[in-house]
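To keep things simple, chains are lettered A, B, C and D as they appear, and every chain counts its residues starting from 1.
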Amino acid sequence: MRVQVRYFAAAREATGLETEVLDLDDGASVGDAWTTLADRHPDLAPLRAQLRFAVGAEFAAEAASLADGQTLALIPPVGGG
Amino acid sequence: MRVQVRYFAAAREATGLETEVLDLDDGASVGDAWTTLADRHPDLAPLRAQLRFAVGAEFAAEAASLADGQTLALIPPVGGG
Amino acid sequence: MAFSITRDPIDAQAVYAAVAGHAEGSNPDGAVLVFYGTVRNKTADRVVRYLEYECYEPMALAQMERIAAEVKGRHAISDLACTHRVGKLEIGEDAMVVAVAAPHRAAALAATEDFISRLKQDVPIWKKEHFEGGAVWIGTPEDPQGASEPIREGDEVP
Amino acid sequence: MAFSITRDPIDAQAVYAAVAGHAEGSNPDGAVLVFYGTVRNKTADRVVRYLEYECYEPMALAQMERIAAEVKGRHAISDLACTHRVGKLEIGEDAMVVAVAAPHRAAALAATEDFISRLKQDVPIWKKEHFEGGAVWIGTPEDPQGASEPIREGDEVP
């Protein structure tokens, strides 16, 4: 299956990307996607402790399953207001 | 001495006046002025419990002395905001 | 700190500008709060027709100044301004606008509450509520709401 | 409840009007509060040059909706609106405007604080502070202030 990944703020700067497409095995979780992304982007891996994940418009746990066509966003510490 | 009295809200309605001039003995207090006013305006007397007094721009106790030329205001419960 | 009483509709933008105006690049404030006290169509169970406010203007302005200085002493704010309207006010009109600027929002929020609460205790402004079937000076014993819930505790807006 | 993200200067009057507009004579609200989160010239000891905000817009709007619904469940308010700006912001410009209408001011004040505090935790908007000598994403471990005083606790404005 194929998932779109979105990077923001420090994660965007670490990867040099705003978005990329990720091919994953069916049934892969958010955590599985992270493992792939961290392998692919060495500067991204150290950010893990400060990142949250979102699938679509909602925060998602690492154990959450992904589905084909979904958007996975990496959410560094937010600073709105 | 001569003091100007100002009436507002329920006190204004009770006296039918916005202002009046009061002649008092030298050294008269706010309480002395009140006694004179309550005698003069029978509908004003029952409001005593809810009234505060001000001399000039500041609240004043009943025991405060008045001086010639000052303005004494009767302050019913306020309702700004 | 700018305070005024007006018979005309309140220029809220001017109250905001009184606290938010800073020379280019020099703004020390991360938070500006503007509070509008507006005329509700109901008070408790009474259907309000309109309000009449009156004011002892020189004392009201002096008390606003004094209260604002106290509030500034209790909260880390940069500036505070308030305009109160008097005369006949229709439902939906603004009776009062308060603006507070502060480096942080917690102080702005606390100072706004503090100022309004103190204003409702000590600023000589009176409100006569004309409702269906009568009229009453708010806060007097004749005010059915005032009796159980005195306006002087500052928990009623406006 | 109206929420938006803009790259242009925020039209605060529109945010206010989104919560304060009522048909003539029907206003149930005694209190309208407008909060402006503005760009300060300093953060702790750093002299700020400008800020850059970025946003994950569809999620930010969805989270604002969700948070506002929660806030409305916790406080007796009538309406809430928020516009957040993104892009480069200069000192003194508004980063965010929040407006809340409520029958009574206590609920308006509490709801404003609640909404902003939750927004600072969960709405995907990021702030890069460009100060004299560097730049940092606020809230990251590289943020000298964020380390001791995490932005997620919502006590920093903006």
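Basically, contacts are C-beta pairs under 8 Å (C-beta built on N, C-alpha and C of every residue); 3 or more make two chains touch, one makes a residue touch a chain.
Predicted model only: the values in this text are computed from it and were never measured.
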Which chains are shared contacts of subunit A and subunit D? none
Once you find the CA centre of subunit C and the CA centre of subunit D, what distance in Å lies between them? 24
Taking each chain's centre as its mean C-alpha position, how far apart are subunit A and subunit C in Å? 49
Touching at least 2 other chains, the residues of subunit B are none
Give the residues of subunit C that touch two or more other chains, as numbers and ranges in rising order. 37, 116, 156-158
Inter-chain touch pairs (all): A-D, B-C, C-D
Residue positions on subunit D within touch of subunit A in the complex are 37, 53-56, 58-63, 84, 95-96, 116, 119-128, 137-142, 146, 150-152, 154, 156-158
Footprint of subunit D on subunit C - complex, ascending: 13, 20, 22, 24-42, 90-92, 103-106, 108-109, 112-113, 116, 155-158
For a test of understanding, state which residues of subunit B touch subunit C in their complex under the given definition. 6, 8-10, 12, 50, 54, 56-59, 73, 75-81
